[in-house]
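First chain A sits with chain B, and in the next complex the same chain sits with chain C.
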Partner chain A sequence: MALSQAAPAVRLGARRGRGNLAGYLYLAPAGALLLAFHVYPLFYGAYVSLFRWGLTKQAFVGLSNYWGVLHDADFWRSLLVTVYYVIGVVPVEIVLGFLIASLLAQKIRGRAAYRLVYFLPYITSMVAMGLVWSWIFNANFGLLNSLLRLLHLPPQRWLLEPRTILALLHPGGAASATAGPSLALVCVAIVTIWYYTGFHVVVFLAGLTAIPTEVHEAARLDGAEGWRRMRWITLPLVSPTTFFLAVIATIGAFQSFAIVYTLTGGGVSGGAEAGGPLGTTRVATLFIFTVFYNEFRVGYATAAAFVVFAILLGLTGLQMRIGERRVHYLGG
Partner chain B sequence: MRISRTAVHILLLCGAVATTFPFLWMLSSSLKSNIEAIRFPPTLVPQEWLWQNYVRAVAAAPFPRYFLNSLIQSTGVSACVTLTSALAAYAFAFLEFPGRRIIFGAFVTTLLVPPEITLIPNFVVITALHWYNTFLALIIPLGASVLSIFLLRQVFLAIPRDLHDAARVDGCSSGYFLWRIVVPLSGPGLAVVGLLAFLRAWNDLLWPLVATSTETMRTVQVGLLAFSQNVSTEYTLLMAATVMAILPTVAAFLLAQRQIIDGIGTTGLRG
Partner chain C sequence: MSVRKRARMGRRELLRHGLGAAGGMALGGWLAPRGSRGAAAAEGPVPVTFWHANSGPLGTILSNLAKQFNASHPKYQIQPEFVGNYTALNQKIMSSVAAGAQPDAAQAGAYGAVAEYLKAGVIVPLQKYIDGTDGLSRSSLADIFPGFLEDNTYRVEHKATLVSWPFNKSVMVFYYNGTMLKSLGLDVPKTWDDVVAASEKATKAGKVAAGMGWTPGTEFFAALLYQNGGRLLSMDYTQALFHSEAGVRALTFLRDLNDKKIMYLTKQFDWQNDLVAQKICFAVSTIVSQQYIQQDLKGAWDLGVAPLPTGKNKATILFGSNGVIFARARPEAQVGAWTFFKWWAEPEQTALWSVQSHYLPLRKSALGTTLMRDLFAKDPRQRVALESLDYAHPMPDNVAGWVRIDPLLQDAITKAVTGLQAPKDALKEAATKANAILRG
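Take a look at the complex of A and B:
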């Protein structure tokens, strides 16, 4: 009796043993790459940030890179620019994405074609389309200034303009990052919104079509129509999608590099240094990149990256906490 | 909130025009003469279609080389990501082993580490490995993607477990099952993962900018940016170059747009 019970257990154990090894083997390639290029850099970066580090390791400086970053006016200015940019981009992307998706969700003719068109910018390269937009925004021969001229309006400097829109409307205003977003940054934000809206449309459309039709039917039977149905049925039920998009759009906008760099740094309309006119488009990633790539202060740049990472983590945590309270899950 | 069908179409068409206009302007500018490109008032349809702008753009910079580099990099990354993701997703979807949930959680957690943190240490690492300015540096660090693993795991989970158990009882090895059953059943899913990895690599700027130094190793995006600084007054050539730079991705997208959009819509794969 004892023997016959023990035997299958042993066999099962042996089989599970083989399963073990196989499972780890299948995970090994992806796991090794993730470990080497996503996890290890986190710790190695923390190490690098404690050194004065140029082309190679120089001297251990403890936390003084962090101290320097936290007292660097340029760094805080880049963070302020980032905040303007995130606030300008994320809500517009989400609202536009939701509006277009809810129009498309009404079983409209040509839905697939619209979806295709709206999504197109998202699969192209930011560098290529950034160059196209800087041609449109070109201060001398660009299309926008030609249109202004046709309307007998004064031409603008667009991506080269460090002044805010308010200052442009009321001449005499000072040009500085603390005065508000520059016209150049607004242009960068518009291009960003143009690039990402299709992505939001597609994700919202998936979220909207996942709402069971019975829910809408029931609401209609109860006399909820139009705006009321939108406010009390659609918006709450699509809120997990909205929340998800808000979180990843914020993270994405915080990490924007290629668009900003192409439009106001490395591209044709770029001035002498990356970050546009008077640094009014130098977002945090661009600050880090410049310190690392142009000045080769590797330790300092890494410390700045960690400070930005910490701020972003805090922000995402905050969004999660707000989301927990505000997001409604069907049947949850 | 009740809007008529016509109004809906008008709104959507306005949005569609705003979305596509930069593409039209790019095409139009790429075919104009330099004089027409800066003429006032502007024209949308070129008076004379100068296809030789494309020939001149290709001749003005080593674009064939950039394209070859991007093709090697993107194909390499795509193959690498598809392979590593399929293997890992298979383990997560079908195999039993201790710590499976914890390891999956750990994989997902790596998504939290942002590119600006990994950029500089990875640069230091590839320099130490003497990979700097080689294809190894362009491909290997991008060779695994957690979102792709996640997407493929979802695809694999749709395959009935009974099939797996029955095959294993019949003595089918796990590798054989993956290769002969799972892979053929997951064609579209694998294609989407491969294509998305290709697009990501093709469109990337930051990593190739940092990981390469010579002109012969430049990818299309890095080369395009350098080109834009050199020909800053010849917008027609620049627009011809941008058309060529987005052509492969637009073609790939049009071929598999439904699968790509669905893949992104359901997983929220971004960038």
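Take a look at the complex of A and C:
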């Protein structure tokens, strides 16, 4: 950079131009894909959201779709369900991922096999996974209920149970979305955690092995052992990874669709039951999907998608600001 | 502008086709067979794409029938294409509309799909073909089971109009484990009281965990509602009526079945597995389910099919999907699609389809064909579905807004059956919301 600044202005321009051209050429394939499948749909979606748009474009309605979405109790309920889900899933995934990664970072026998086992769910077909978990959670003859019966506990209705956990512990409670997550949503969250923890483990393992051994050695020389080294060396130095995973997991959980859809009975007939029982697992993406494909309200659904997008953008911005203060980059 | 131009060109082309074919036939008759072949080959048959949702064996039967049509109608070539279940089919149609690349014709089986396609103007109401020169006579139309016509009739410019065409239709029936009933010395239940008594006996004998398994849905409730003398919506479709006395009785009955463990609730098609595994001995579903149940059963026990048990009245529900023709299709392809639909509903074809697929024949006169008579002689169970056609009601899919009402009603049913809300309150709450949708 310093060299080119010293060169004559004309040559600088030419060289930069040629360099840029090559750079753009390298970027072109990925750029074209991004433009075609991300940027263009984004702008087209923004356009669609301004119309009453059923199967086809009907009338320009300005921001009234957004107004409708912001006053739609069902939409807010789906957001609340999403928030329960994100809160239930993300911290557990990160803590579990970190703990398992810390164990797998030790020099133990069969380490590779363990790593494989924990990563396995992540590469399993979601449909196959949905089938197996549905069987485990089967309300009448499932594995979990057989276990409960063995322990002389009352069987549960799992994925079919709209009551909240609190209501189940204190019978007589009603299924109200504001009273907490339903048992069905908890089941979906458990499967999500089971599915994604392996991914967190692998990323944490990479983060842990990136911590230079001399830092640990220096701490050990200073007499720091066990928990103190974990607290003051490992956790701060792995924090960029934690931060990255927190952002990725939050966005991922917010956009979760396939797992909820498969587990709650999507795609059977009208698909009306996806998000059930009683809509207690209808996360925001499922709400959008249902309004779009089952109710044929394309413009409205697109507006809802943009509202979710805005919320997610704000949330990620917030995470970035908090992250800036808390994350330690080695040598940075 | 471009559409009009296209239409005019199409008509001209059509004329040419017609004249070509007529000329070809004349030549063929007078001169040599090669003449007619030459004319047809020059123009080639009009391809008509037809998207459908009949998987596996059903899709094969459909393709074979399409081949028959193509052989007997050299002017057209129907190209059936399986695109997934009804949900997937609807999604693909929606995407194709957005992309301006619809098929020429399709099944429309998702809730309220035809009403939405009609509203968006992406399909052609079929009434003009029915009334046209190559249409159907009044008597021929009357030969089609009335429920199938009602199911496809919409109000277009304040006139009752046939918009879509009955294609693969089925009806809700009652399945039972014949072997088990026999071993318990029980008759096939005819009323719901019989079902309750038989379920109790089978459960007490330790044969099953419960009598029935059921995945909550609006259709079974609707059947019980009609049996109790109620209706889902008013005749003019402006008001919800499912919260009437009859509705409350129907829903209370369902709740009691669950409370008394005569019936338990399942997810998706779990009841089907449970029936095969003899965890239950009864089930309520469409007549086409027997295809799948028999496949899993492999003859382990004797599957019985009976009309839906009755309450105060006899009533059952129609299922299945209807054919639509897209507005963007070339006119000659539209005519081709109509010719196919019309041919599909003729006695011989509809009988063949019914015998092979277990879907219902579309016409009364199909019952007189040797094909169907032989089937009834061999397997009297197949008659059952047809008997219930006289009192079968379609779901109000032809009402715009039903797509949003159906999930409301479904939630009300779930709430009542699982004891979260009294049947009366649950239905009333759903009806209030439904009325707002119907007014809007």
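To be clear about the criterion, the second predicted complex is superposed on the first by the 295 of 332 C-alpha atoms of A that agree within 3 Å, B and C clash if a C-alpha of one lies under 4 Å from a C-alpha of the other, contacts with A are read in each partner's own complex, and residues count from 1 in each chain.
The rule we apply is simple: contacts are C-beta pairs under 8 Å (C-beta built on N, C-alpha and C of every residue); 3 or more make two chains touch, one makes a residue touch a chain.
As the structure is a computational prediction, the values presented were derived from the model and not from experiment.
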In the overlay, answer first, second, both or neither for which of chain B and chain C A:G54 touches.
second
Could you tell me if A:L278 is touching chain B, chain C, both of them or neither one (first, second, both, neither)?
second
With both complexes superposed on chain A, which partner does A:F141 reach: first (chain B), second (chain C), both or neither?
both
Touched chain A residues, chain B compared with chain C
B
Based on the superposed arrangement, let me know which partner A:L63 touches: chain B (first), chain C (second), both, or neither?
neither
Classify the contacts of A:I322 with the two partner chains as first (chain B alone), second (chain C alone), both, or neither.
neither
Once the structures are superposed on A, label A:N294 by its partner contacts, choosing first (chain B), second (chain C), both or neither.
second
Scan A:A310 for contacts with chain B and chain C and give back first, second, both or neither.
neither
Which positions of chain A sit in both the chain B and the chain C interface?
138, 140-141, 267-268, 270, 293, 298
Name, in rising order, each residue of chain A that touches chain C in their complex.
54-56, 134, 138-141, 157, 159-160, 162-163, 174-175, 265, 267-273, 276-279, 290, 293-296, 298
Considering only the defined contacts, which chain A positions touch chain B in the complex?
16, 19-20, 22-24, 26-27, 29-31, 33-34, 36-42, 44-45, 48, 100, 103-104, 106, 108-109, 112, 114-121, 123-129, 131-133, 135-136, 138, 140-141, 143, 146, 149-150, 194, 197-199, 202-203, 205-206, 225-227, 229-230, 244-245, 248, 251-252, 255, 257-258, 261-262, 266-268, 270, 285, 288-289, 292-293, 298, 301-302, 305-306, 308-309, 312-313
Chain A-touching residues of chain C, taken from the complex the two chains share
85-88, 90-91, 94, 97, 110-112, 116-117, 119-122, 209, 213, 215, 217, 264-270, 274, 279, 403-404, 406-407, 410-411, 414-415, 418, 420
Chain A partner, complex, touching residues on chain B are 1-3, 5, 8-9, 11-12, 15-16, 18-20, 22-23, 25-26, 29, 37-38, 40-42, 83-85, 87-88, 90-92, 95-98, 100, 103, 107, 110, 112-122, 124-125, 140-141, 143-144, 146, 149, 174, 199, 202-203, 205-206, 209-210, 220-221, 224-225, 228-229, 232, 235, 238-239, 242, 245-246, 249-250, 252-253, 257-258, 260-262, 264-266, 268, 270-271
